[in-house]
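Okay, so chain A shows up in both of these, paired with chain B first and chain C after.
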Partner chain A sequence: MKRLRALVIVLGSAALFTLGLGWLFNAYPMMPLAASREAVRVDRAFNGLLWLSIPIYALVMSSLIYALFAFKAKDESARGDNYEHSKGRWVESLWLVASFILTLGLAGFGSYELKHILGDQKTADMEIQVNASQFSWEFFYPEQQAYKPQLYLPVNKKVRLVLKSADVLHSFWVPEFRLKQDVLPNRITQVVITPTIKGDYQLRCSELCGLDHTVMTAQVHVVDEETYAQQFAEGDSW
Partner chain B sequence: MTLGLVRGIAAGVAAFLALYFGLKTKLPQEGSAAISYFVALIVYLAVGGGWAAFQRWLNAQEEPELHGARRYFNFTTDHKVVGIQYLCAAFFLFFYAGVLALIMRTELAKPGEQVIGFQTYNTLVGMHGIGMVIVALTAIIGGFGNYFVPLQIGAKDMAFPRLNALSFWLVPPAALILIAALFNGGVDFGWTAYAPLSTRGPMGKLFFLLAFATAGFSSVFGAINLLVTIIRMRAKGLTFWRLPIFVHSIGASSAITLIATSVVASSLFLVIFDRVLGTSFFDATRGGSALLYQHLFWFYSHPAVYIMVLPAFGLMLEILPVFARKPLFIYRWVVISFWAIVVLSCIVWAHHLFTSGMWALLNFPFMITTELISVPTGIVFLAALGTIWRGSIKITPAFLFAASVVANFMIGGLTGIFLADVPTDLHMHDTLFVTAHFHFTIVGAAIFALFAGFYFWYPKFTGKNIDTKWGLIHFWGFFLSFNATFIPMFWTGSHGLRRRVADYSANLSGVQMWISIAAFFIFLSTLVFLINALRSLRKGGAAARNPWNAGTLEWTLSSPPPVHNFDTPPEVTRSPYSPVV
Partner chain C sequence: MKGPVRWILIALGVATLAFGSVVWRSVSRARAADEPLGVVPDFALPATTADGVLPLSRADLAGRFWIANFIFTRCSGPCPIMTGKLSMLQKVIPPDVMFVSFTVDPDRDDLDALRHYARQFEADPARWRFVRAEKGELYRIAYEGFRLPVMEDPAAPSGYRVTHSTKFVLVDGEGRIRGYFDSDAADVGDRINDALGRLRRPL
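What follows is the complex of A and B.
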């Protein structure tokens, strides 16, 4: 009877806890605007993990808090139960098997999403070169043979960004596009992004690159084809 | 002077300055600094008491017994003194790095530049990081490990008492040269010192590398000593399956130290060679590799987090049964899990490199191994829950700090899945999300367990009782402000706040102000702890032999224990956690 009551209380409060956290993450979303096709996939992976971890967290925390209240010592000399493992060891066996299956499931889910992200990186409609150096960014547009200090991207075009560093490690990251890629001095790396929402974003170097790492940012403009073409028609904009 | 430590430091500093300014005219600046440092290190050790100890060893003389406060400042082989030395050094560094964090939080309270410039901020990030890493690596292992492992296994001292002293004595020079780095151009590479950034720039970086390497040697010496002690010095009848869980955790974490630390120490030396000798291991412009350093560094530094948290798990599971008045749940499963963590921790390092540009297919195996670690870790937390379940719980500061490791590590562990998962890590990597995650795992486990152990063993190592009421105030203050500080960082991180930057967009300013205020409450609660700990030394009243009714061997001794621990070698006939009859 007592065990049943404990089970009901723990599971009940875990369910309430899950609902509460679910409401919270709905009201205050964890991810910023998803402004690229790749971002949608990353967000799906994120939400999958979030909805898996919330119930686990709720269950463990409800058990912990319940135990703190329900099993408080009545008096100084009181002793707890004497067991060293559960009867027939079924609790720990279940926990072990469940966590093992869960982990493999997670790894499978992650591998599946990653496989698609990597697959998407293979083709692109156009190419822009990104040159990083302490502490600035420079963009070379091969089609127009033009250098610019800002990154212009035509909306809904799959663009391959070819990344090079002149000195130390840097990292290419626009939070709204999600994908992040380090920029190396002795090797070319690349990231393929399809921006889907017009607007202004900020490129942030996200690999500590020296004293002025903080200010190593650049403007990113996602514009329609016409505006994109105009950028280069107006002559050298810098 | 009777204080060997002071004498040694004075001689070491003098030797360094004399040699450095003498050599600087003939050699490149960094070369002369490196040579001067190693010579000064030997001078410091010799003058501080090492030469006398060496002579005593040559002449087969006994180590003298030192008494009073003086012994903490002298070269001594008593493991209990070494433990207290470690503990004090760790708390000193904890406050130093904590104050740096407060300065950083003041800068971050509002967007734009506040009290310090962006560049100074950058240096403080690295100093705070390496300072706290050394705290997390040494406080429990060096402090409690040295003090309580020999007591818990019924030994008179460590297996290699002189090596033990040496491993502590390497900590002060590491701390000093680290502080000196601040005044020699600082460091701009965080605590990770990624090459090629670390192969160029001011001499402060060389000092940082020397400090890190010195701390690495100290760590390896300590690990050898603890492992041999655990294997060779156990009391009669203290079999593998009767060892206290804290001893198991120290053994497992020492094994990781031995496997991994030499790798990071050698990679630090490669960076030093690049700077001083003109080699080019990491300098891409001269044919080096920009990625190699990251592999070498994380081959140690990911296992290092398990060096920090395994003893925390051990302490948590040592303390919970005592206050729940119950045997430890699934003891053997936990021990096996510890060793599973040892093995797995060595094959996960490249999860720090998902965005680095390494071969893309490597992402898959490292994602899988990383997520597999949650299986043995899960067993540890099932053991914690199962231990307090149906117990008879006495709420004390030690118990609350131990139990809150579960609460903190749930957040730290579950958010770790988002970082182990490559698709989400591509977004979260190098953001405040990571910062929040590792503070929940390292502070949430290692520092909370450090406090738990402190309240638990305070009566034993001081002989005085620590005030419970102020202990509870410390706990609630620390626990609540810790969560209030670090939970919002997950949100700011995923919304675009990078790690190690001093400025941010205006839309984050409300959250940032909140975090900064909460951070000050962490500091306040730590002050409560400090005052309580010092005040109880005077007013605590004599502690009983076994105030908590615990079953491990250290509680059979007087508080504090006598110099040579056990008059008659103890004999063990049962597990400390076997059911109470």
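What follows is the complex of A and C.
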């Protein structure tokens, strides 16, 4: 009867705790809009881990808080006598095995998403060159032979961005696309992104690059193919 | 440890190794070759160790790998953490690799202040130099050589007057930059050692 009561208290409070945390993370999402195919994969790995962690965290904390009060030693002599006679060893083995499986499972899950993001980077529908310099971005569109101060991306096209720096270290980061890539002088780096939601986003430099680092931004426009073509119709390179 | 527990642990160990090798093979990419990212310009500058004044030039570092970073002694931001990390790395990175810390606040950091700072962080005098360049020279080395930013805001509070990169830069025996490392990464020592291993391996 005593065990049943303990079980009900622990599981009940763990369930309440889970619901509360679930509501909190649902009501206040931590990530901005996921506007690229890669962002969806990053979020899936992140949310998978988060949603699995919530009930485990709730269960561990509930058990801990319950144990703190339920098993408080009444006096000095009552401390620590019962472990040898308990089923502690089996509980420990079970906990060990379950944790192992869980850890490997999560590592596998994360690796699966990572593999898909990395694997997807090998091919692309089109290429745009990104030139970073203190404290601005410039984009060269090889097909149209045009330079622009803003990054235009056709929606649902897989784009390879070839990144170069003219001076110091910079880093390419559009939070809604999730991927981040350092931009280096004397070495070309690249990142492949498939934007999936039309809209205006902001590209930021995410590697300290000098006094105006914080204002080193550029507009990113994800548009349909027609609008994309219009950008180059008048041949207006800047 | 006896009976089932031992076998459980052995089974888990084997499972982890097998799993790890599969995951590693599926996600590891060919690492970017560590081709040079630039060249550190020649310099000959006043410098100090924890023991005392000992000038340093790029020529003194010829033939040795070295790790450079930027700090200032009054820094209330990342410098103490970064220098503490480097102090710890003295035990992890092979002893022939030199450490060179450039002050980005030469107006206020004289060699005495730098020596005191070096002592505070138990900098091994045999391998770790603290260098003071005048501003013009410093900015030339930072921007044109290391390709890293340094900027001063005289109006800012003392501990925040200079903003600078927190990267560790790995330089080879010919003064060429071979890698940038985030000083706040928990495994920065392993990353540097991995790079050193690859770079030292004969082709």
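By definition in this document, the second predicted complex is superposed on the first by the 204 of 238 C-alpha atoms of A that agree within 3 Å, B and C clash if a C-alpha of one lies under 4 Å from a C-alpha of the other, contacts with A are read in each partner's own complex, and residues count from 1 in each chain.
Rule of thumb we're sticking to: a residue touches a chain if its C-beta (ideal position, glycine included) is under 8 Å from a C-beta of that chain, and two chains touch if they have at least 3 such contacts.
Predicted, not measured: the structure shown is a model, and the values here were computed from it.
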{"item": "Partner chain(s) touched by A:186 [first = chain B, second = chain C, both, neither]", "value": "both"}
{"item": "Touched partner set for A:31, first chain B, second chain C, both or neither", "value": "first"}
{"item": "Which superposed partner A:209 touches (first chain B, second chain C, both, neither)", "value": "both"}
{"item": "Partner chain(s) touched by A:169 [first = chain B, second = chain C, both, neither]", "value": "both"}
{"item": "Partner chain(s) touched by A:229 [first = chain B, second = chain C, both, neither]", "value": "neither"}
{"item": "Chain C versus chain B, contacts on chain A by residue", "value": "B"}
{"item": "Common ground on chain A, meaning residues reached by chain C in one complex and by chain B in the other", "value": "96, 100, 107, 111, 114, 118, 167-169, 182, 184-187, 208-211, 213"}
{"item": "Residues on chain B engaged by chain A in the complex (per definition of touch)", "value": "118-119, 121-123, 188-190, 192, 194, 196-197, 201, 284-285, 288-291, 324-331, 333, 355-357, 360, 363-364, 367-368, 371-372, 374-375, 378-379, 381-382, 385-386, 388-395, 403, 406-407, 410-411, 414-415, 417-418, 420-424, 426-427, 429-431, 490-491, 494-496, 498-503, 505, 577-580"}
{"item": "Complex interface listing, chain A residues touching chain B", "value": "28, 30-32, 41-42, 45-46, 49, 53, 56-57, 60-61, 63-64, 67-68, 71-74, 76, 78-86, 91-92, 95-96, 99-100, 103, 106-107, 109-111, 113-114, 117-118, 167-169, 171, 173, 175, 178-182, 184-187, 189, 202, 204-215"}
{"item": "Of chain A, residues touching chain C in the complex", "value": "89, 93, 96-97, 100, 104, 107-108, 111, 114-115, 118, 134, 165, 167-169, 182, 184-187, 208-211, 213"}
{"item": "Of chain C, residues touching chain A in the complex", "value": "4-5, 8-9, 12, 15-16, 19, 23, 26-27, 29, 32, 35-38, 143, 147-149, 151, 163-167, 180"}
